[in-house]
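Below, each structure is written out as structure tokens.
Look at the two complexes coming up: subunit A is in both, with subunit B in one and subunit C in the other.
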Partner chain A sequence: MTAEDRRAHTRAHTRADLLVAGGGPAGLTAAATAASGGLSVVLVDSGHALGGQYWRHPPAGAQMSGTDGFHHDLTAYRSLVDTISGHAETGLVDLRLGHHAWTVRRDEDGIELHVVDRRRPGADRAVVLRGRRLLVASGAYDRQLPFPGWDLPGVYTAGALQALLKGGGVAAGRRVLVAGTGPFLLPVAVGLADAGVRVVGVHEANDPRRWLRHARAVAALPGKAVEGVEYAAALLRHRIPVRVRSTVVAAHGRERVEAVTVARLDRDGRLIEGTQQRIAVDAVGVGWGFTPQLELAVSLGCELIGSEDGNAVVDVDAWQRTSVPGVLAAGETTGIGGALLAGLEGRLAAEGLLREVGCGAPSVRLRPVRRAVARQRAFSRAMREAHPVPAGWPAWLDDETTICRCEEVRHRVVREAVASGASDGRQVKQLTRTGMGWCQGRICGFAVECLARGEVPGVAAPAPASERLVAAPLTLGALARLPSHEVE
Partner chain B sequence: MSTSTFRFDGTDIAFVPGQSVGAALVAAGRPSWRTTRHEGSPRGLFCGIGVCFDCLVTVDGFPNERACLVLAEAGQQVSTQEGSGHDR
Partner chain C sequence: MRVVVVGAGIIGACVARAAVVAGCEVVVLDRDQVGSGTTSRGEGNVLVSDKPPGPELDLALASRRRWQDLGDELGRDALELESKGGLVVATSQAALEPLSRLAAAQREVGVEVEAVTDPTHVEPFLTPEAAGAQWYPQDAQVQPVLAAAAVLADARRRGVQYRPGTEVAAARTGQDGRLRGVVTTSGEVIAADAVVNCAGTWGGVVGRRLGGEVPVLPRKGFVLVTEPLPPSVRHKVYSADYVANVAASTEGLETSCVVEGTRGGTILIGASRERVGFDRSMSPLTVQRLAAQAVALFPFLAGVQLLRVYRGFRPYCPDHLPVIGPDPRVAGLFHACGHEGAGIGLAPATGDLVAAHLTGLDPMLVAGVDPAPFLPERLLRIPEETS
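On to the complex of A and B.
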């Protein structure tokens, strides 16, 4: 047995104080805080480097240069990574990159997180990680609405354009248009322009004047206003045309996208006929806010609540504890709110645990943290209300538009199912196979819910969260190789 | 900045160490590398973060790898995947 094997063996039999699922701002901050307070932590992330989507980095040893320019608050990121690495060296933190969670169990002793080590293609290895508590910090992914041609190569999620840039130093096109809604579109556009891409337009579906209703929430966070002004200046400097109440309603091309049609939207988010305009592009990035990844929380039975953006999110108390004992949640899983809020919530979760087990320094004053959380939450609520999915979006679908990309279910088929009585996403799924493919409805689920209900889900009746963890389709081989001591 | 190559359907694709197979293909001007099971439509990378499964490729003989997640390595054999890979 090598030293590494021995350590792995010991770990399989001991429970860490805290399992952290997700190495983005929330998970990193929680892990660093908890370990610095003396708790043993297992930090799991499916990526090849710490940081999650927000601080997405190339893996260690990568050689592309200059991706740092795409990042905000790099100092905070570096200091967190340094802290984690320091604790990883002493064994207090067990860092598991390239590990995908596929199931989770809870009993009176704690949590068992079943993950697959997928660092090498074809060499999947199943691993069971044990902890007394679990922090769900699994983040979110771009929310999508279908449109004719959205399945053409060259049409990406806004997040994909960002991920290619930050993680791989790759610009997805030379003439790129960015569309959808929300402040996230701005850094995507500016990042592309900084990389030398001609950004032919940012099309924001909502009217920025919607923010005026939330003047107080904005005024409480001058930093956000400065950030906004910086982006505005950068857009101007790069001469990027910004169009509000406008969006992409179709993509055209044969083997790949060659052009898009954009159109104006009225105050209620309905397409204004006659305003369509064709723009030549070789790539498009679209995003309609984000969907939190709740599979771990859902399979553990955590209570969910509705959020203003129509998402279901995990309900947490003042210490980020969910309704299930021993299970905490922080960051986007508790409501889309951005990296700063995620980090603060991760901090609160860890401080709460340290107090609970008595190794905290209750002298640490959390008042300022709580005040900052309150301000950030008010701001993110304003953001979710100012950037809704346009109510009239289904108007830009035609009969043949693909709704479910995995199972290739067209709009016509979904409409027939709704006409024959299917009134929610689940019923449409049973009739048409939407959401039954590889992605399990992560991409089309929200759109199908809209189409089935005939309206956009809201805070009172959010779209149901995806329940099944398919993040790691497991090969039987990996299960067979599961060492016996790691099986129940 | 050094570059290496992997094989993709018989051609060499250059990549910078640290890039995913998908990122390298996009950088090489190939936005698609798969056709869908029912309609044979071309697909490539869509979400870029492992959520959508549009980007499936076969890597060194193993099907259903997400090109946006798998790191490119020198000498790797990458090939297009026809259909969904469900029927492996």
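On to the complex of A and C.
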């Protein structure tokens, strides 16, 4: 069947061949590959431009100086966007920017993805999108740990500092400290410095020597090593001090953050008393890795497995298929691994589908793709093992530290619930209201799980993925107006 | 007398407390944790308004008084007990008549209820199109998990042993056929003179494992939770169709919404009723219907964000009455489950009834309720030679 025939065939049916939730590297690559193979695709993203967090761009038409300097692999991004735009013009791709997936349902006929069109402020509109299959490529968000003062204005996640830069060219402060763990801290610090910010330090909680155990995984990806050297050079050029086994344990200030306390950590991630030091800042970014966004996959009942960073992630086969027929997952939802791996997984998901429906070109050789995926996965596993959340982090909390910011639940209250017998995050939630507010536990969920268990979740017993049947808020009015069987 | 209570939901907690007060030695088992089953899935309703005169209303009225006592003894804050009252709204002239007829019948048996001609005086944000309403000051609410935890904590202070994460696999039976305790899934034997099945929606399964199955089935329901707001819904507000739905026994989906505010500022919108087994999947259509009904009652809700939806499985028996009392087939086995959507409200009096059955005291005297309509016999087809 030619692409043209395929399109005509598609128009005759209201059901798309593939729904893609997420327009980051995984979703974009999958959508472009599938559409280029002749499949009809609906690509949904909450953002106002394609690219996700990695290739976050200002909305089309926004007047601002270029943000290109903050990006990697822009050629790849532009080529994917061109492909999608081309297929959108012919109607093969239905591009839905500014649409938030709020829930999902599956039946014998396929998938119903329920989305809210938020393009017009104050006029939310609920829409049902139907497809034969769904690719969950919803990415991940910053994982956070509470510390005294973390709710002060000027305290950001590391990812938020970068999103401000990429999405609007905004520097969050003039004197910024970056802390947490993982290689992601480096591009954040360098991006800020390139934008003229004085980065007063990068504080990596783990010892880089942890990577030595994974020498093979690193050696297999010389590109990553080169990238690392480039960042090291950039840090040096900007004279950014890098401290290892050190982290932010408190933020201070009246109206907003004015200083942070950093402290050294021992090899087991426990604070070394007496090493505390105060540093003046006007903004701080902290990141403890990422939490995959699993709402859609969990609502559909996809099986999950543990990942080395303590996250539950979607279990997939060699073609990115989940345990639920017709549901695929790619990118960070299957394990935190970065943009390159996400793109490769998106590609595999789409190639698998093309083969399944018989319109793929079996001549496409996937062996190099699979080899690259294997190398990237080995590297990302090494990364997750080398950058754990420090076991001793609860020692930074005092009684009055806010744990759940939405419901204003203090550490003392959580501790009392744990002392009374609550042994997991869910139980603590029901007794104290942690995770019941606006963010539905996205911010405090991992921390509460740590506090309830008395240890940091790991690969064998990951923090359970919360079930959130409503993946994104929507107004009751928009929901009430949704005609029962509207199809778009 | 040593008693094993299976299930640490609101029913198990109240049964354990009543039994220890009555002088029993009590062990509470739960395969999970306190309140982690259906107890955590509802709104915490303590209602008299939704029940027509009959055994369930008798139990509800007795229980309502006992919730008041528990609030006095354990602290209303520990339970988040709020005597907020319920307003049942007739959304049309046609609904007005049956509603006032129900109210008159309820008044006969001791329900406090008064007609309200302009319901917007009671709930200022209610739709001005409401035809009328009935006001039920006895309707109340608790935070169900907190309440279960508080009642169980008090029971533990009185000597009850609590063992979370312990699942019952089978009965331990003596040569005379009498229950002598339970065997857990890890093979441990916990000896007892009596075992009380308080497993809620899973009461059928636990009954079977103990040799006395009872017909308890799941009835799925969704509850919607909004963003936190300044106080805007003061009472429990129902549309009058709710009264019809609770009693209905037709298959399939029924929705008629109940809207109420919580201490946290969120507004809860419940609850649908569907007989779809233990199907956990999301039903956008059901959720949409509840939203539409809530917006019809309170037009301002149209602009309010839905943050969360949760669902649970109510335990129901074929005749919609709970099963409370000794199993006629297995000596030593007692049931206290199948309370459908009313378990929180009915729990304290259920505890009293079970304590009376366990100790041989007069249930009428202890609980103030006739135990006969709840006895398991009515649900069982007992083989002829023993009947």
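Please note the rule applied: the second predicted complex is superposed on the first by the 465 of 488 C-alpha atoms of A that agree within 3 Å, B and C clash if a C-alpha of one lies under 4 Å from a C-alpha of the other, contacts with A are read in each partner's own complex, and residues count from 1 in each chain.
Operating definition for what follows: contacts are C-beta pairs under 8 Å (C-beta built on N, C-alpha and C of every residue); 3 or more make two chains touch, one makes a residue touch a chain.
All figures in this text were calculated on a predicted structure; none of them were measured in a lab.
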item: Between subunit B and subunit C, more extensive residue contact with subunit A; value: B
item: Partner chain(s) touched by A:422 [first = subunit B, second = subunit C, both, neither]; value: second
item: Partner chain(s) touched by A:50 [first = subunit B, second = subunit C, both, neither]; value: neither
item: First, second, both or neither for A:265, with subunit B first and subunit C second; value: neither
item: Which of subunit B and subunit C A:437 touches, first, second, both or neither; value: both
item: Partner chain(s) touched by A:172 [first = subunit B, second = subunit C, both, neither]; value: first
item: Touched partner set for A:250, first subunit B, second subunit C, both or neither; value: neither
item: Contact residues of subunit A, present in both the subunit B and the subunit C interface; value: 407, 437-438, 473
item: Of all residues in subunit B, those that touch subunit A in their complex; value: 1-2, 16-20, 23-24, 26-27, 31-32, 36-39, 41-54, 56, 59-62, 64-65, 68-71, 84
item: Touching residues (chain side subunit A, partner subunit C) in the complex; value: 103-106, 112, 114, 128, 299, 301, 407, 420-424, 426-427, 430-431, 433, 436-438, 440, 468-470, 473-477, 479-480, 482, 484
item: Sites on subunit A touched by subunit B in the complex; value: 46, 48, 53, 58-59, 61-65, 118, 121-122, 141-142, 151-157, 159-164, 167-170, 172, 255-256, 283, 405-408, 437-439, 442-443, 471, 473
item: Subunit C residues within the subunit A interface of the complex; value: 33-36, 40, 145-146, 149, 153, 162, 164, 224, 226-228, 264, 266, 269, 280-285, 287-288, 291-292, 294-295, 301-311
